[in-house]
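Just below sit the structures, each encoded as structure tokens.
The following pair of complexes shares a single chain, chain A, combined with chain B in the former and chain C in the latter.
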Partner chain A sequence: MAKTLLGKLFRVTEVPTPQSFLLTDTVEVCGRGLLYSLVNAHLRLDTDVLYLTTTHSTQDIKSHFMQEGTPGKLIVYDGSKDPCGWDGGEGGVLLNQPLPEIFSDRLTSGGTEDKKVVVVIDRYEHILCSQESLHLIRGLHTLIAKEAVEQVIVYCGRDTVEENTLTALAHIAAVTTHLLPSHPLTCKVVLRKPSGKVIKTHEEFTLTKELQVQDVRPVKKATTSLPPVENTEADTILASQTTFSLTLTEDQRAAKNKLLLPHTRVQQAGVGGQIHYTPDDVDDWDDDDPDDDLDI
Partner chain B sequence: MAGIGATSSFQKKVKAKVVSIPGARPSIHNSQLLLSTGVPSLDYLLGGGLPVGSILLLEQDRHDVYSKLFLKYYLAEGVMNKHMLCLGSLDVSPQQIMQDLPAPTDTEPEEEHKVEGDKQMTIAWRYQNQVTQPTACYNRFGHNYDLTKSMDKEKVSQADVSLWDGCEATEGKGVLNNNYYWSLLQEIKRKIDTSNLSTSCNKAKTNVLRLGLHSIGSPLWGWEFGRQEREQEWHNLTAFMTVLRAMIRNSFSVCLVTIPSHIFTDPALLSRLHTQADFVVRLESFQGSEKETNPIFKDYHGLFHVVKLAAINSLVPPILDTTDWVFRLKRRKLTIERLHLPPELSETVSRGQEESLQTQLGHQACMGDKLPKHLDF
Partner chain C sequence: MACISNRMFESVASAVRGSGVDGVGGKLTLVTQTSTTSASGLIINFIASSVTADWPVCLLTLHNTWGHYCNIGNKVGLNLRNQREQGTVKVVDGLQLVSGVIDAKGNCDDNHSFSFICKPLQYPLKNLYDNLKQTVHPWRESGIQFQIILEDVESLLHLGVRRKDIETFIHYCWNLVGKSPPSTVGSLVVVATIDEADEDANLLSHNMTHLASLHLSLHGLSTGPSREVHGLLRITALDRNCPNQCVPLIQNFQYKMEEKNMKLFAPGTSANIL
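So, the complex of A and B:
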């Protein structure tokens, strides 16, 4: 568990903490659980989390975290109430301002001593509706570069944004996690360490009810048993030149597989089948292959 | 310059007067004034070095690991020769890049290794006279660097460096309405003007400007990378390169530009940038690609593609003796080498193609690997 990349990332034990974390999901699979799990891990480590939400209300978000007595504080910036400022912008966050300004009350006050904060951007594509993509990505970059920020977590739908936006996000993210709609859930992770090392994995995991990432293990490479190479061209050439069928129909194949050959019968009976051999005096009994150099 | 006694009409032939600039030397091919890129093996590929007034375009590897090293070498070489430096970057803060330049060393990092190679060959004696990449002839041009240590802070602070991180970008004008491209050009122009580096200025040149521009065209600069040709949205980037090229040509300066070409959606943009640059090289790192596990490449870290070489004062660029180059990051240094296939050491000699053909057809054709025209039974 500790060795796997996902385990490290979602327990925030990766050192140094990656400065930017991109988590993407699709319509088929929801990454919210993973996001909450990551935020929880930060809260447990006594890090304050600035959470910008665009769809869920403050109460809704808080309900996922409040039951635990975590040392870190969760501060929700609610962009779901009045994103465009039509209701006078009371109590909500305007989404059309640059990202660093949204969090400016916490990041520039200087009152937060040396305590670093984690910034969560819940649904990047929703902010994209009220800002130009170029401005948004620049804002995000400024946010990441800020000293008071330990990590910026961007949560984004993979299939709901333009490909360019995704490229741009992946370009600046230190960790890119793509959640895949598979069973069990799997993630494709790319981690770029500051040292220049790049780790790329594909790992499966389970998410417990307490939003813990567990049972992480690398996805076994689908045993690429090469599908029988069907050289159709050769087949047709051969078939045109023979008077018999070279292929089997499904029925024939089934019948062939069912057929019990004599030697199998003997083997199954469990008797016989051994080979007795009396060595000759000229026999070569070492492990060397006498035809080593023939390369047959 | 006549003889001392003034009796002889012979005149001593003196070399054409070349401007003496620290760290520069004339090319043996075309007398162009060359500067080292900091990586001797890259200098070799470029025909001895980077001619003053030219642009080297470096296409980054996917994760910008090795390209950043090339940039650092280039800047370190400038610091060592007390060149003027100008570094522009949006993706990484330029201060951070300058802090982490490789430290110069006096010794060739892999010296002990070389001595071994000098031994008389007893078996493969016919390779004795094989030309190796000349390491000796350029060792006084450029310095050696040790990647494990970073350069003295004092030394870096002594250098005349201007860093540009886009903080004070002003509103762009004309074709260049992108703030960043515009203000970076302004900064470069100011630097060239104040140090009298322009060729139109008659003052004797004693120094050169080394420009390093990191990750031009990345998403932070503008959205050009994602645009298609028909959208005609590239003018900021292409105009920037054109103006940059004009400025470099008309001044005593060289420029290294790195671009994240893997994120460009339209290859046409890349070819336009290729046209603008004098030298184009591309890094293809094995990180995360299937080539990482390919035994052929196990000693190397990536392929080094030489895309374009400048043809200065000539019709054709110099022709390299091989097309397959690889780069390798050793503990202390980064080198570019010829791609050599590893010796075949496996137990059975693999005849790759033949075997695969046999396995493909083996279960159908009983005649071996060749498909007969007619079957004989």
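So, the complex of A and C:
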């Protein structure tokens, strides 16, 4: 049984199940595998999943889930085909309508057959192209509050939405999972429990070919201090233009930090600052007042 | 690469092959340039490789003129004017269309591709999309593979189009080439200019990068151009059909544009160093 937070969340063993789940990635790391892993876990637990896709077609999405013969049903709402109705609006989902209306066929009273469902929004920023941020957040609130909904999973890019949108999303999410570009892969997770307790973790993991989250463990302190991406890029570009090394290896950095400079040794010995001067035999001592010309 | 052939810069084609991801089968390829670099050479090579493989091309120009590409084509031995006459290359000349709207002084046709310049529209780029759709319609009908190239899409921001509308437009253009099997009929190449100071342009390019299987990024040297090195080419490849691959494969090269070739070499191995 998973003891780490990431393991619990992606095996859906966290009790109670968080009602809203925000998963974000960047251009440097793709979180789609994690999203599919979470959806698979729900399907295995016999939970029906209402999946709103905005980039991949229905066939594409189904091809990643249907092979396992999971007990839960996957119902795909294809918002990639004709999101704004430019092609006549036939056969696809229009993304300019409020979120609860998109799923209204399954979420109206009696439509869910007393079985709770999971709603997936893949990807949030593409729906933002068709409606205002405020309306979308309001729609998300309504969805989360619905009794028939067990969890709403929102997948979006941290670098594709404006900061205030991301803040608003993180504010309403019970779980926020930021996937980071590192080796091995790591996630920064914030879980807000219904009791008000907030748990923050930074955990590393591996994603298998079967899209299972495995080998989850807390990130050691040494690996958490990743340099900012901009610096890494600048260093890479700069390093590629020089024939000598501009960076330090871990061993070199440790040796540099250990090195004690002579003045530091004296300071640490607690001797204090003293000036020793031994006059020369031929020193030219001047008996005149050196400040005579100042008329003090 | 949208279509790799012997007309492609061999060095670039080889580097792309090394990434294990091609740009065919409805995939999106993103090409980015900066103010100090130009992707015109790469665009010509996308066209050349497609034409050689008997794939027709639809080019939407928004920044450079059609004549600009004809001149570069002539240098690499590709007569684009001939190709256009034969119907292998179709051009939607954005600059000419914009000029037409401005000359009409507010009396432009409602269905004009750039009518949003005269009057506010709910979907300003729908007419331009309809124009492109009509252009590639015969190819779609006959089921032949083709390529759409959208040049300098962030230019639309300067015409007052919102970023969200551009993203929707690109999404629809991607649908035209059939982004998912078995309906794939081509490939889409989007060219954009990176400007760190422009937040909308940055968000737009990030959004495209999230969708692209291949990203060819041209950067200038921080020390300025040199005789032997004109800039840096970064190839980022991510197979979107393999969700367990989370981190893209990145290859960094330095390049030098030659008369008919783009010479690639490992960083620090240019002729003036070795």
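Here is the rule we go by: the second predicted complex is superposed on the first by the 219 of 296 C-alpha atoms of A that agree within 3 Å, B and C clash if a C-alpha of one lies under 4 Å from a C-alpha of the other, contacts with A are read in each partner's own complex, and residues count from 1 in each chain.
FYI, a contact is a pair of C-beta atoms (placed from the backbone, for glycine too) under 8 Å apart; a residue touches a chain by one contact, two chains touch by 3 or more.
Here the structure is a predicted model, which is why all the values come from computation and not from measurement.
Engineer: Does chain B (first) or chain C (second) touch A:A145, or do both, or does neither?
Structural biologist: The answer is first: A:A145 touches chain B but not chain C.
Engineer: Would you sort A:S245 into first (chain B), second (chain C), both or neither based on which partner it touches?
Structural biologist: neither
Engineer: In the superposed arrangement, which partner chain does A:H171 touch: chain B (first), chain C (second), both, or neither?
Structural biologist: It touches chain B, and chain C stays clear.
Engineer: Looking at the overlay, does A:N257 come into contact with chain B only (first), chain C only (second), both, or neither?
Structural biologist: neither
Engineer: Counting only touches as set out at the top, which of chain B and chain C does A:I137 meet: first, second, both, neither?
Structural biologist: After superposing on A, A:I137 lies in contact with chain B but is clear of chain C.
Engineer: Quick check for you: in the superposed arrangement, does A:P83 touch first (chain B), second (chain C), both or neither?
Structural biologist: second
Engineer: Who does A:V198 touch here: chain B (first), chain C (second), both, or neither?
Structural biologist: Touch status of A:V198: first partner only.
Engineer: Would you check which partner chain A:Q274 touches, where first means chain B only, second means chain C only, and both and neither mean what they say?
Structural biologist: A:Q274 contacts neither chain B nor chain C.
Engineer: Quick one: name whichever of chain B and chain C touches more residues of chain A.
Structural biologist: The partner that reaches more residues of chain A in the superposed model: C.
Engineer: On chain A, which stretch or stretches are contacted by chain B in one complex as well as by chain C in the other?
Structural biologist: 162, 234, 237-238, 241-242
Engineer: Show which residues of chain C lie in contact with chain A when the two form their complex.
Structural biologist: These residues of chain C touch chain A: 123, 126, 129-130, 164-165, 167-168, 171-172, 175, 179-181, 183, 203, 206-207, 209-211, 219, 221-223, 232, 238, 240, 243-248, 252, 254, 267-268, 273.
Engineer: Can you list the chain A residues touching chain B in their complex?
Structural biologist: The contact residues of chain A facing chain B are 133-134, 137-138, 141, 145, 162-164, 167-168, 171-172, 190, 192, 196, 198, 200, 228-229, 231, 234-235, 237-238, 241-242, 246, 295.
Engineer: Give the list of chain A residues in touch with chain C in this complex.
Structural biologist: 26-36, 55-57, 59-60, 64, 80-84, 86-87, 123, 125-126, 128-130, 157, 159-162, 179, 181, 183, 185, 207-209, 211, 234, 236-243
Engineer: Contact residues on chain B for chain A in the complex?
Structural biologist: 63, 65-66, 68, 90-91, 93, 218-220, 222-223, 225-226, 260, 263, 265, 287-288, 348-349, 359-361, 363-365, 371, 374-375
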